[in-house]
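Alright, structures below, take your time with them.
Here chain A shows up in two complexes: once beside chain B, once beside chain C.
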Partner chain A sequence: MDLKDKLVSSFLAFENRVDVDTYVHDVRSDAIKIFEEKGFPTKKEEAWKYTSLNSVLKQDYSLFPQKESSIEYGDVKKYFIHDIDSYKIVFIDGKYSSYLSQTTHDGIDVCLMSAAISKPKYRLVIENYFNKAATKDSLSSLNTAFSSEGAYIHIPKNKLVEKPIQIIHFSTGSEAATMLQPRNLIVVDENSHVQIIERHQSLTNNPVLTNSVTEIFTNKRAIVDYYKIQNDSENASLIDNTFVKQKRESHASVHTFSFGGKLIRNNLNFFQNGERIDSTLKGVTIIGNKQHVDHNTLVHHIEPNCESHQDYKGIFDDSSTGVFNGKVVVEKEAQKTNAFQANNNILISDKATINTKPQLEIFADDVKCSHGCTIGQLDESAMFYMRSRGIPEKEAKGLLMYAFSNNVLSSVKIPEVKQRITKLIATKLGVNIGFDL
Partner chain B sequence: MLKIENLHASVEDKAILRGINLEVKPGEVHAIMGPNGSGKSTLSSVIAGKEEYDVTEGSIIFNDEDIEDLAAEERAHKGIFLSFQYPVEIPGVSVTNFMKTAINETRKAQGLEEMPAKDMLKLIREKSELLEIDRKFLSRSLNEGFSGGEKKRNEIFQMAMLEPKLAILDETDSGLDIDALRIVANGVNKLKNKDNAVVVITHYQRLLDYIVPDFVHVLYNGRIVKSGGKELAHELEEKGYDWIKEEVNA
Partner chain C sequence: MNKYTEDDLREELKTKEYEYGFYTDIASDTFPVGLNEDIVRAISIKKEEPEWMTEWRLNAFRSWQEMTEPEWANVHYEKPDFQAISYYSAPNSKPKYDSLDEVDPELLDTFSKLGISLDEQKKLAGVAMDVVVDSVSVATTFKATLAEKGIIFCSISEAIREYPDLVKKYIGTVVPQKDNFYAALNSAVFSDGSFCYIPKGVKCPMELSTYFRINQAGTGQFERTLVIADEGSYVSYLEGCTAPSRDENQLHAAVVELIALDNAEIKYSTVQNWYPGNAEGKGGVYNFVTKRGLCETNAKISWTQVETGSAVTWKYPSCVLKGDNSVGEFYSIAVTNNYQQADTGTKMIHLGKNTKSTIISKGISAGKSQNSYRGLVQINSRAENARNFSQCDSLLMGNECGAHTFPYIEVKNKSAKIEHEATTSKIGEDQIFYCNQRGIDTEKAIALIVNGFSKEVLNKLPMEFAVEAQKLLEISLEGSVG
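Our next item is the complex of A and B:
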């Protein structure tokens, strides 16, 4: 039985196990129908032309890992940004781990999706927001159909949340192969500000497929900064579907750092519903071997006087492949839009490839939109210059590549996160960068 | 210190250096002059280890060691320094951090510990004062947006930091204003001692008034066709290269 059939046929049993008597039940039932009809995307679809899920889908995944696995904090500490005080929502094989987590209901809700969809006090928020930003594509629908657990974050108005929130999904490899479908909902009300760090981490080399959906709502003048650290083990694949729905004068940024994993597809969508909205999408991808990272972004400018900034850097070694597909839509009413997009890439090996495609659909006439993509090799004359000063080839390469990706890091607002990413980049590039460039 | 014998080098099968012989002893200053395109920069790049050039014949011996198979960084670690005719811009890496890396990598290769931060700062202060470089300059990206003269001065600053045994200065004077020329030349002279050597490549006698050469060589068509004392530079300044070309072609 292929994965699609397996998923569809397990739906009823799944729904019976969770609460059927909820608002989400109907949403799930509709979603499974969409998935059943559409199936997994194939390369025939324009948006999936350069990313094939075949190799990932052929595993015999366990859909609902049953074994309760526990892990010691000491063993996984390194996957946390542990040098800051933070809230933590941690899952092990899809199940909430209370002892690794630190949630709160003190003025804000930093807790679990499973609680939010079953308890009456969250009903209003769920009805107003759940599945209201996610699109009805097949993978998001698949996640919706099986949505039962994940992070639920609700920040009421006028709250500056001092501590960042870390959402971490561990998989232990207790099953031969595991599929996970976390579902996160983040609602930030007027004038509030929150910072979130998300990470998926497999602790073994057993195959893992994560199909995640995160919906983020930024209401009037809210600020959300979201950091995705994608540095998973070599048999872990991730399809990340993130939807950000912004109201007027809100600022939202998503930084995606992709270094590890087998296949990563980031579907990152921003919808601007109001004036003077600012959306920032940035990423650094550094991969090698046969890794594949696909950034598929959409910024939908609907109303006037808004901005969007996209800046993605990619460094590809060995036979790795990258895709950047950046779509910007500027509706007729969205005058004075300022939309910036850049995608710069370095191919270190002859066998690495990157497919980069900006897609601008502009219907307004008074806008400033710029986009540019470059694909280059390492600058040979710069390499010789550095080496002639005594910097070995490997370090010279590392330094050049680090400098190349550095301006994406400059907009990371949490110093500890920046430091961690710097370290990850240095490790990935095999250099010892003992200073902040 | 440096002994080049019958050196032939080519790029993409095009011969550029065609039998260079040159010996530089510790404490000496050599000047290499010659018409545009004669191969001066190529010679310096080949000595510094640029891989683009194929050495097809001959040898380069540095302190009794054939350096043909050494990578550029290994040559640097042994004390060879090239001041580039066209210094390369390295966006995103500050002058200070670049120098820290270069010095510590060199020390590492020599089996030494990293230089303590305090000593590094002191060294940077000392050498930037020597070359009258504003401290603010050092936190800028290396060579990015530097003026022609600033780039050249920065090259000599790097030389001062690294204290090489053999420094090859490829047209370091071009682009420098009169005051800067004096400062840079003065810097080079201060670093000069009986154990190190300098090869200056220049088109103009003017620099040689400051950095006085023991020998002057004329490179033409990939060969050193004439050598002499410092008076040869005056003669070239006066008469140009035609008489040499005639001598060679005769």
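Our next item is the complex of A and C:
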């Protein structure tokens, strides 16, 4: 039985087991039908031309890990941004770990999806927002059908959330292969501000497939900063579907740092429903071996006077493959749009591949849209400059590559996150950069 | 033709309808509509082709039957019914002429309306013409001059008869019969086209040129062009197209193959001005063309195109840079107005070492048209030090049109250097104001700015074409000022 059949046939049992209100139940039933009809995407689809899920799907995943696992904080401390105070929502094999988490209902709601979809108190928010941003593609629908757990964050009007929120999904590898489908909902009301850090981490080398959906709603003048740290083990695959729906004058930024994992597919979608919206999509990808990272972005400019900034850098070693598929759509009404997109790549090895496809679809005339895309090598004269001053080749390369990805880091607003990423980059490049930020 | 003044342009701008929209009534020898193996055989017999060619066509036809029409392009149109097309139409009075006086006077009149007076061309422009009206070439000039140098420039059907070895060796090597749906269809039913062979070390002394016209109502046009530049030779080839006004959609599926052997250079320029349909988007030509060139060591192929016509364009002149140090270039201006749709671009396949490619694409959309650039730059793992520069600029006029870019970049070699940039903008109000202030009316100002925008590409065209292309740009965009 292949994975699709397994998922479809286990749907009823799953539905009976979890206790939900009728609204979510209806959404799920519709979603499983969509998935059943469409199945997993194949390379024949334009959006999946360069990424094949075949190698990932052939595993026999256990869909609902039975064993309860617990982890000692000391063992996993390094996966947290632990040097700052923060709210934490931690899941172990898809199940909430109250021991490692720190949630709150004090003025803001930082809690669990399972609570939100079953308790009447959240009903209004769920009905207004749940599955309202996610598209009806097969993988998001699959997640919707099985959505039961994840982070639920609701920031009411005029709140500045002092501490960042960390969402961490651990998989313990207690089963031979695990499939996880976390579902996050983040609603930020007028004038509020929140910073979120998300991470998926497997603790063993057993294969894990995560098909995650995150919906983010930014209402009027809200500000959201979202950081995704993807530095998982080499057998972990991640399909990350993120949908950001923005209202007028809101600012949202998503930074994606991809350093690990077997196959990572980031479907990052921004929908601008209002004027004077600002969207930022940035990413650094540094991979090697047979890793595969695919960034598939969409910015949909629907109303006038909005901006979007995209900046993706990639460094590819060994037999790794990088894919960038960035799409900017500017609707007829969206006059005075400024949309910028840049994708710069460095190939270090002859076996590495980069496939990039920056797309512009523009229906309005008074716009400034540009995209730039480069693939090149490290500047020889810069290398020579450093070598002539006694910096070893490896260090010099590291410095240049660090400088190359630095643009993206400059917009990271949490200093501790920036520091952590700097260290990760240094480790990944195998050099001691020798300075902190 | 050389003394083209502003007054002439003003006169032309007054005629808003498609100016080449006339229909010449020449008794045509047309096949019944529909397509099957018998029709393919009949075409082959009609052209007095050898057995291998008939087989070649049938092979293509058989694979075509198993293929489906591509749908990935960013264009929407009513699919042509391939069984409702007549696959062969040739002007009746077919004997070869020794002098122009013998040519059907009505046909000559057609040419003069198009601004191609054969004898004038002979004297003034130094351009040898292989004129194609509805698929059969009826006049070839300057043959003698070319023959002296050993250059073969004739219709492809003549080439199949006279130079079967050359044709057999090269046809289908760059665009295989099964390459794509339309290429397969063309391979099966192509009625005529041009053939050109430049021998080793010869620099072709003049611009070679053909004109295509779709003349007979309801006939598809399937041209096949094969240009071979032998080692160290050079040729500049011009292709220009106009078609009469017709209400039902006409299909054009051509195949162009260029082969540049070691150290050879081919420059291929196109001006395409087929009937784009009327202002409501009715009628117009479907232009589904496969153009591809193969570069051997140190060879260079340069494509230049000005696309102003056709209701639907689907065209990607490509270069396969097989040999080391070979160079591919693509310069394009695509203008769409009213309900026109264009999905055009190029493919640069880098296989050899130190290969270079340049892509400059300018898209101008006006009215309710959709203009897409779709390109592929592929660097193979063995293509050391490959270099590509791509630039795609779009200009939008009015808020009902669209401009799209779909650049695909696939790199498998670490020493590759690829740059791609794209911009989309509109004509600035301040630019128009500046012109207005100096007494240049808005329409003229737009023409001026558009010409400036397209200059990089226009400059690449041979002189005679550049004038014509500039004229075309202005005519295509008239009435688009909102």
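By definition in this document, the second predicted complex is superposed on the first by the 433 of 437 C-alpha atoms of A that agree within 3 Å, B and C clash if a C-alpha of one lies under 4 Å from a C-alpha of the other, contacts with A are read in each partner's own complex, and residues count from 1 in each chain.
Rule of thumb we're sticking to: a residue touches a chain if its C-beta (ideal position, glycine included) is under 8 Å from a C-beta of that chain, and two chains touch if they have at least 3 such contacts.
Owing to the predicted nature of the structure, the values given are computational and were not obtained by experimental measurement.
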item	value
Fit or clash - chain C, chain B, common chain A	fit
Contacts of A:I348 with chain B and chain C, given as first, second, both or neither	second
Which superposed partner A:A176 touches (first chain B, second chain C, both, neither)	neither
Partner chain(s) touched by A:N406 [first = chain B, second = chain C, both, neither]	first
Chain A-centred angle between chain C and chain B, computed on Cα centres after superposition, in steps of 10 °	70
Which superposed partner A:R389 touches (first chain B, second chain C, both, neither)	first
Chain A: partner with more touched residues, chain B or chain C	C
First, second, both or neither for A:S381, with chain B first and chain C second	first
Touching partner for A:K368 - first (chain B), second (chain C), both, neither	second
Partner chain(s) touched by A:L360 [first = chain B, second = chain C, both, neither]	second
Where chain B and chain C come nearest after superposition, their Cα distance in Å	14
Intersection of chain A interface sets (partners chain B, chain C)	none
Residue ranges of chain B touching chain A (in the complex, touch as defined)	45, 48-52, 71-73, 75-77, 81-82, 84, 87-94, 97-98, 100-103, 105-106, 109, 158, 162
Residue ranges of chain C touching chain A (in the complex, touch as defined)	72, 381, 394, 396-426
Of all residues in chain A, those that touch chain B in their complex	379-382, 384-393, 395-396, 399-400, 402-404, 406-407, 435, 437
Partner chain C, residues of chain A touching it in the complex	46, 50, 332, 335, 345, 347-377
